[in-house]
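You will see subunit A twice below: alongside subunit B first, and alongside subunit C after that.
And now, the complex of A and B:
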């Protein structure tokens, strides 16, 4: 599973070198936030079982730590990692040599400093009541600037691309690069700065939440999957002509799915029904993605070949997670099933399936591929890679089984308690520490010889 | 392994070796996106199946929205609400004076004039007329069946012949005209409903014009 085949070619390394600094910064901050979020998630998992645990101090009560965990995971880990991943991927595909790396660095520093400030405010209890918008509203201005500086470079790289074919990964990256700031700005405006009245606010929030997960997280991850499959397997994408349809239907339906999470609320009936329809029509892009991904990988004993490749092993798990998510999401958006699992741990499971089992696994796989290219050194220990993979995989499967089954039971009136997630939370922490040791080993190996600073 | 023997549904190997360069990767896919399939024996099942499945989805989506969106009404919130509310139900008739005026100008104003004063000696006035302002049955009957013979209106005698204008109009149209006439030019009588028109139309059936005498026997002029 080590990167034996890593032989940088001359042109690639020039492109890689030009983006190396910001990519290392984004990844290093992402890993730190990930480990912090995993520690917090172990604490909150214990608190759900024993609510006196660390409950004596208001700073560490469940309500604040749960919000902290969600924000660190979404804005600290996934978003930082996607900054780095999208930038590296777009630069590689367009052979773009990045001249203004310091601007992206600046953006990364602003983003992470505002996140630190926002996280402290959450712990102090100064937060809003909408998930992923908990940070106080003054944070949104600074993090918006940080985002523009950090994350719009894929668009610049794209606009300077050599003429010719635009590969499907580039579409998805470009789409997510534009969707995030628009969604972010509109939502903060309509929810925090000049709040919309009544039910519209809930609609805007759910739209933000869904766009953030589907069109920022998942869309960037899909771009990476489209890249790593042909890259690592050495094959072209199966039924590639379908990928255009997949892209447009994905972006068309994804942003309409949010009202399905508000079924039964005082929203006009037609908005709710359109949400249900869009959630089911998400099966169209998901069928296409499955054909593209699995068709390529399964052809000619490709699955066993992928299993023996570090990056593709993570990506493979991620693809199955995406397919499972799409099926469950479509089925449980329909009115009958939705009525059973609404407000249960089932939704926790669905969200975990998308943002961890799919998106985070893609990022893990991508990191194992990219980090050697931007640090010039190798992964410290294949054993740690195995430890990371297995603890994350077992953790994610057990968390899914626990939350989905318990959610169904809660909804059917078969149980009233909330399931315990301590076991998966501990597994995640172990895996992420293994991942962190490996990653920081590489980053600091480079540091000891160079003078570049990473975020600390 | 050469490219010609593959359907485009299947992956190909753009190059030997496990890892491909990025430019090779993009180039290989650009061929896939650009090149037309060579005609060959048999056909690939995948595209046609995909198209059928997606059409099925689209059909279902249309069906679902028709049934569950309450006609895209902004005020329907509950799928389980009674049907009438969800579907906007049959609307109650409300006399529409604007429509009544429009119909009056088309159907009646050539004789009675747009100002409702008629033509002295030829056509009786409607403004401030006891025939108009009193019983709604009387005016509806006249509009539906017409009236002919010597008639005295506001102290002046006329010998006119009014055809059965209302016979060719719908109940709601007649109700709109009558309501307009009863409220215009200083008249202040109540509007009439389409159900009333329908009721009278059914009661009088198909008949010839009334004479003033006959209708006054049924509905004498009210004394103020």
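And now, the complex of A and C:
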């Protein structure tokens, strides 16, 4: 079939071919945003060390670049990647052949154009003061429509699936697909369009922020872990019967944890306490997840088997990150510990643990598995894969050590300065460029070889 | 769990539970909060903000100061903010009722500013801090908010003037029914 390919390529399965186009679009945009976000994050890290760096004009002042970095990472990288990941995973689990790729493409285009517009507005200073809601309110409607068009397909695939069997992954994907648009709409309404009064804004914001991270980011990533562990290790999930309890307790408690991020704030005490209790209750689903994940991989040399599999290697790091996050989150949501680390870099570390060490690592692992299936070519260079893994892994561990330790020290009065984190930021950039070269090599190889994927 | 409606209904239930339990009940408790006197018949607090300060808040937001500064003083039982001198009493919900956008913040790369207006002695001090912060500090310079006049003197732009008015207006110097100042 392909006359001109200089590297092995293969034919896509019918199901993969039916989603290949939108999945490639989502991944390609995700990788571009990731690299851009990493560049910005190197700049902001340097600015913390040298306050005159790129400080001469308002466009590149720290406050704007920091907001830009967060938005590009969350809406550009993670969200686009999850559009692709959830769509591919669902269609491949249901064996559903997707007929409306153009609608998903349209959704992706709208989402990314709105994000581009919003990002420019942030740099121009036309922004709001709540994190991840900085983009001006006129983007709300367009992003919402973009999201629905890009992200609701897993639900369609599920309800029209030809096969009857249902997997745990599918619950989590459906859950996150439903939660995000509702949360998004309610929050934009209550914070940007008809702002709630006073500190209620902060409460709505915390609810949004927590739902966004736990019920869109993390629950999509959990879905992928439930898929890749059995798929790549050839084992069945340990204590599978617990997974239903895990799912429902996860969704039940996660969004109640939001006030835990407001301890000591001017909000009513009872609301804060609800958040603390929910953070402790989150240990229930997290223990179940660890039993399901590690229980499957830990016996009979499963861990070393995983280490030798590119996808599982990333997933393995991610699982440990999730467990560590759950433990730290529960402990540091209690009043005594929280009083020490509140407002310090400790929280930067906790957030990184969830959205990078867990969620992004799952996405990386998943990409190494999925991209060949939707491009029909193989990864260009195993060396770059190694470079990506090691720089991201060392970067993530060093960022965690720096921010968590410094946060604790700041809180106990042993230190006053904020850690800048230039070293991890540079490592991330290197890793992401390695990842990007490999990924775009595959994405463009397909285009240049010029045969339609749907021939399969 | 093979039915999409069941999953949808379940997830919707969990989400609305927290929405009602946290946000709506929070609203019931705080939604009607307004200005109030500390003592029967006294002046109403928090005070109305000067117009320039309202514009200044917009500058504060648009330059992203909230990335590094919080505006909330925690009670003595929940951290050492008062001991550190961030304010004479802890912040209460009523302090924020007049603010169109609330900037509690979540990172303290710099000090808390909830009571900054009471700490600072003069406008000039704020201007010179914004224009040229201490060397080696993480606080960026906002020299781009200033121009040079014909005689070589430094002239603040409108934005700088508004921002300074806003910073000066940040004060916790009154008692509220929920938290009294210690005399």
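The definition used in the following text is that the second predicted complex is superposed on the first by the 435 of 456 C-alpha atoms of A that agree within 3 Å, B and C clash if a C-alpha of one lies under 4 Å from a C-alpha of the other, contacts with A are read in each partner's own complex, and residues count from 1 in each chain.
Basically, a residue touches a chain if its C-beta (ideal position, glycine included) is under 8 Å from a C-beta of that chain, and two chains touch if they have at least 3 such contacts.
No experiment lies behind these values; they were computed from the predicted model shown.
Enquirer: Using the superposition on subunit A, decide if subunit B and subunit C clash or fit.
Expert: fit
Enquirer: Kindly classify A:335 by the partners it touches after superposition: subunit B alone (first), subunit C alone (second), both, or neither?
Expert: The answer is both, since A:335 touches subunit B and subunit C.
Enquirer: With both complexes overlaid on chain A, does A:66 touch subunit B (first), subunit C (second), both or neither?
Expert: second
Enquirer: Taking the superposition as given, does A:174 touch the first partner, subunit B, the second, subunit C, both, or neither?
Expert: A:174 sits against subunit C, while subunit B stays out of touch.
Enquirer: With both complexes overlaid on chain A, does A:324 touch subunit B (first), subunit C (second), both or neither?
Expert: It touches nothing on subunit B or subunit C.
Enquirer: Once the two complexes are aligned on chain A, which partner has more residues of subunit A within touching range, subunit B or subunit C?
Expert: Counting contacted residues of subunit A, the larger count belongs to C.
Enquirer: Between subunit B and subunit C, whom does A:255 touch in the aligned arrangement: first, second, both, or neither?
Expert: After superposition on chain A, A:255 lies in contact with subunit C alone.
Enquirer: Can A:204 be said to touch subunit B (first), subunit C (second), both, or neither?
Expert: Only subunit C; A:204 stays clear of subunit B.
Enquirer: I'd like to know which partner A:276 touches here: subunit B for first, subunit C for second, both or neither.
Expert: first
Enquirer: In the overlaid three-chain picture, which partner chain does A:394 touch, first (subunit B) or second (subunit C), both, or neither?
Expert: In the superposition, A:394 contacts neither subunit B nor subunit C.
Enquirer: Kindly classify A:238 by the partners it touches after superposition: subunit B alone (first), subunit C alone (second), both, or neither?
Expert: Touch status of A:238: first partner only.
Enquirer: Once both structures are overlaid on their shared chain, how near does any Cα of subunit B get to a Cα of subunit C? Whole angstrom is fine.
Expert: 5
Enquirer: Show which residues of subunit A both subunit B and subunit C reach, each in its own complex.
Expert: Shared contact residues on subunit A: 164, 244, 266-268, 274, 335.
Enquirer: So in the complex, which bits of subunit A are touching subunit C?
Expert: On the subunit A side, the touching residues are 47-49, 51-52, 55-58, 61-64, 66-67, 125-131, 155, 158-159, 164, 166, 171, 174-175, 178-179, 182-183, 186, 190, 195-204, 207, 211, 215, 244, 248, 251-252, 255-256, 258-259, 261-268, 271, 274, 335, 338-340, 342-345, 347-348, 413, 417-418.
Enquirer: How about subunit A: which of its residues touch subunit B in the complex?
Expert: These residues of subunit A touch subunit B: 5, 9, 12, 92-93, 95, 164-165, 167-168, 227, 230-242, 244, 266-270, 273-274, 276-277, 280-281, 283-284, 287-288, 291, 295-296, 299, 302, 335.
Enquirer: If you look only at subunit C, which of its residues touch subunit A in the complex?
Expert: Per the touch definition, subunit C meets subunit A at residues 1-2, 4, 7-8, 10-12, 14-15, 17-19, 21-23, 25-27, 29-31, 33, 60-68, 70, 72, 74-75, 78-81, 90-97, 99-109, 133, 137-144.
Enquirer: Would you tell me which residues of subunit B are touching subunit A in their complex?
Expert: Spelled out, the residues of subunit B in touch with subunit A are 8-23, 25-30, 32-34, 46-47, 50, 53-54, 57, 60-61, 64-65, 68-70, 72-79, 86.
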